[in-house]
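Inspection log for the structure reproduced underneath, given as structure tokens.
The first chain written gets the first letter, and so on, giving A, B, C and D; residue counts start at 1 in each chain.
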Amino acid sequence: MSSPTPQYGPMFDTDELVINMGPQHPSTHGVLRVVLRLDGEKVVDADVVIGYLHRGVEKLSESRSWAQIVLLTDRLDYVSAATSNVGYCETVEKLMAIEVPRRAKYLRVILSELQRIASHLLWLGTHAMDTGAMTVFLYAFRERELILDLFEEYCGARLTYNSMRIGGLPQDLPPSWDRKVLEFCRIMEGKLEEYETLLTGNRIWLERTKGVGVIDGAEALALGLSGPPLRGSGVRRDVRKDEPYAAYDEMEFDVPLGVAGDTFDRYVVRMQEFRQSIRIIRQAMQGIPEGPILGKVPRLIKPPAGEVYHAIESPKGELGFFIVSDGKSMSPYRFRVRPPSFCNLQALPRLVKGHLIADVVALIGSLDVVLGEVDR
Amino acid sequence: MAEAIAFYVLAACILGFAVLVVTAKNPVHSVVFLVLDFLCVAALYVTLGAEFVAAIQVLVYAGGIVVLYLFVVMLVNVKRPPEAFRAGGRHAMLGLALAGAVLVEAAAIAVWSRLSPAAPASAAQSLPVSGNTEQVGWLLYTSYLVPFEVASMLLLVAMVGAIVLARKES
Amino acid sequence: MADVNVAPPAGPPDPPPPADLPVPAAIAGLQLAMPGAILALSFFVGDWTVVVDRTAILDVARHLRTASGAAFDICSDVTATDWPPRPERFDVIYCLFSTTHGQRLRVKARVADGDPIDSVTSVWPAANWLEREVFDMFGIRFSGHPDLRRILMPDEWQGHPQRKDYPLEGPGELLLENPLDWLKLRQARDEADIE
Amino acid sequence: MVELVLIPLLKIIVVLNATLLGVTYMVLLERKVIAWAQSRLGPMRVGPYGVLQPVADAMKLMLKEDITPARADKWVFTLAPILSMVPALVVYAVIPFGDQVHLFGRQISLYITDINVGLLYVVSVTSVGVYGIILAGYSSNSKWPLLASLRASAQLISYEIAITLTLVSVVLMSGTLSMVGIVTSQASQGVWYAFIQPTAFIIFFIGGLAETNRAPFDLPEAEQELTGGFHTEYSGMRFALFFLAEYANIIVVSSVATTLFLGGWLRPFPNVEFLSFLGVVPGWCWFLLKSFVFLYLFIWVRATLPRYRYDQLMRLGWKVLIPLAIANLILTAIVKVALA
């Protein structure tokens, strides 16, 4: 309307409603707090408040030995501990110029991709649950359980694996583990169809996700999105392809891309990544060479003085480690994590603006943040 | 006898709730009393043998319109300053005058019907259908067709007007 | 487990690149465009680092973002390190990546305690939260930042935890002798808030 | 005296108790069916296969602390669950569970009463139930419940229109508003109205889902969005009343749908002679069976579908269901006049 906004008398109060979503809220995935300013149900502005799970991992690492930090990285993205392990170990290996045996590299790929499937399953379950489709949640957890079993058999833990060592891996595969992994891949392919039957063609699901939280590629890059949220906007950026680590340069896989950059495309990208991960696991299982699993690592890990940054593609996005060693003490001088969840979460206020409360929930789900990693 | 008792109890409730509607300090409480008032009115209709009107009363007034009142009251969060509760003022005088007018009108109708009784009561008997609902329907679509259509037209106009007012130019 | 007998280091080694190694086009372009801004060049285990002047950081960022030879469109990370013995005790570090050229670059600026540095949020919006975290953890002020608040620590927190002189166990100023007293105080405050 | 007071009183007691029992076991049924849909077992600990779970739930809810928030509107806060529960139970007065049975030497009809505006009674009484939700949200003095109650009021009013329009189509077919009359007219016309009014039937079912705040229209209590919706601040027995009211309403909608569209207590194909052996099964069994199908459908839908968003819900109600219902009504009227 061209006329100025109507001025209500003192009798009426039509202020915007400021509402606290979290830190205790069923769908903020932990302890995320979003302060929403609402006009009716429409979000006018959002302020993301984080830090409720801040444990000072970066500070703590400055007084832990290099090997001990592996298990701190478990607790960053606690639903995807193996990839965090890989990221940290590779960073230290880069700093110390340790050559990792090829078998270890292959195993890292297999474990990372299993972990990616597990993490994406958790995302799928919670994302669907947030939009009200609760059966998918239990289906996804059913399959995630299989992966946790595989990890348990490999390293004895189900969540915080501590499954990597600087220079390689702590142990070789247990007997007949490879068969079980392939069997899992077979099961998983069938189950993917099941999820897609419940969601991909579902009209309500389409209405809830299409056109929600649209962000174009350029803006997504500028806002620092990485991982599936960035690829959902059509930007071909995958650390596994751009800066190959472990044995990814020997794997053949596609990088699924979205077009519209909305919640649905982010969903589709992750659903495709399931299939790509299975493809990578199969290749790696087939091509896995014999040999040692631990490289030549000095008894006392004491990297030379210097700074190093190394990034890997975690299920959430680009997981980077920036480590400074002073070359003298037994622990890093500075240990910095570039958490993908943190940087992805940054885009939330931009994404939710103008959408409804229900979309806020869907968008938090579609960014797939883990607060352990956001707050560190 | 039973009917008379029911009538006086219901009438007392209606009047009591009506007073509460206007005296309640919280607008939401007012609306709640209004609902109770309407329910009592519906019960009164039932004692008169007009089940259809009673059901419609509950459905349209208690179940529909007052929900919208409540909606509005909650949405705009009406804040009445303390001085609004003070007695006196022009509004109070105006209200008193209106109430007086309504009272006089009601009394006039009562007196008038006493003087010339039984004229409208026979209309129901002459209808070709029996049953409460059918009679209402018959009357609406025969004798009162024009007023009925005019009323519905009026409502339509009001609705369109409301939509036009509420629409935001994009 | 830090060995207390070892004297604290006065800064990163920042080894200069070997003479026979060609300098990437992006850095060469920067050298050409802003020769005064670059203080040092470093190459270590495959990572290139440019140390630039604190006051020139915004111009350097703009150049690196827009120049065709650089086109660093992703700001992966903004972080800092603390070297207390050095007069300019902080290094603010920007990890950049270019999707067009597929290469990485680290930009580093030295900042003294209390000195502000220009915010690069206008160049890379992604730096918004990252700079907030650096502010929160190190107390480095970014001038021109749209929303410089603490991000991980509570707003009323005293001190900056990632500084080297900040004890690992925290300063302990919030803990009274009897934690119950503190809880009671807080409850009284909360109840006053509700009423 | 026996006819006038004792028998209706007994009927009311039986129906109320059966309803409350049915409601509690509806909760168990839902938990079980959803569990099976999700490859779980559901409650298994209390009694064999968890059949005593409702008892345990009731105990728990009764023993729980009944909390009233500090700045709640106390009267309204107490009134709201009652306003929600009472209409849900009062509706059962006109639901015909069966025809007449011979019991203790008396003809006893299997319904509490048959009033000539039965259907209108159902609609109007259930429409009052919305106050429970709205007032709960308002009186909690909490933001999430307030949002939920705003959603609820808009949703219930919108879908009530569509539902009522479909009911009018049915009434056009039956020519009566009496619930018993509608069943007997289906018997005399020899067809369930679900077959001649399929559009109305589907709209009624969708509207019923929305009216009872069930998935995919469970926005007023969308836990993932509104942290529990309008009953966020309620605990103990007052919460239980909301819970019971919701399930009582589901059973009401199922019963009404059975009565209006699936021939109530009639056996399948009431006019097909060679299927008359189906008449061995008493009418109330058919009624319960048909209602059960609906209840199962409600649960199945909940286990399958995601939730609509508020604006989509409104669009579906106003731009799809209501126009469809109106078109169906007009078509029905035209056909009826043409045939007459």
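A few notes on this one:
Just so it is clear, a residue touches a chain if its C-beta (ideal position, glycine included) is under 8 Å from a C-beta of that chain, and two chains touch if they have at least 3 such contacts.
Bear in mind that the values here come from a model prediction, so they are computed numbers and not experimental data.
Per-pair counts of C-beta contacts peak for the chains A-C.
A centroid comparison over C-alpha atoms places B as the chain most distant from chain A. Averaging C-alpha coordinates per chain places the centre of chain B 70 Å away from that of chain C. Averaging C-alpha coordinates per chain places the centre of chain C 61 Å away from that of chain D. Centre to centre, using the average C-alpha position, chain A and chain C are separated by 24 Å.
Contact with two or more other chains is made by residues 75 of chain B. Multi-chain contact residues of chain D (touching two or more other chains): none found.
Touching two or more other chains at once is no residue of chain C. Against chain A, in their complex, chain C makes its touches with residues 1-3, 6, 9, 12-15, 44-47, 49, 73-77, 79, 81-82, 93, 95, 97, 99, 102, 104, 106, 124-130, 133, 137, 150-154, 161-162, 166, 168. The touching residues of chain A, when paired with chain D in their complex, are 17, 19-20, 24-27, 38, 41, 128-135, 138-139, 142, 198-199, 202, 204-205, 207-208, 356-359, 361. Residues of chain D that touch chain B in their complex: 73, 75-76, 79, 115-117, 120-121, 123-125, 127-128, 130-131, 134-135, 138-139, 146, 149-150, 153-154, 156-157, 160, 164, 177. Of all residues in chain D, only 34, 37-40, 143-144, 147, 151, 215-216, 218-219, 222-227, 303-312 touch chain A in the complex they form. By the touch criterion stated above, chain A contacts chain C in their complex at residues 50-51, 54, 56, 58-60, 62-65, 94-95, 97, 221-224, 226, 235-237, 242-243, 305-309, 311, 318, 320, 322, 324, 326-331, 333-334, 336, 338, 342-343, 345-346, 375-376.
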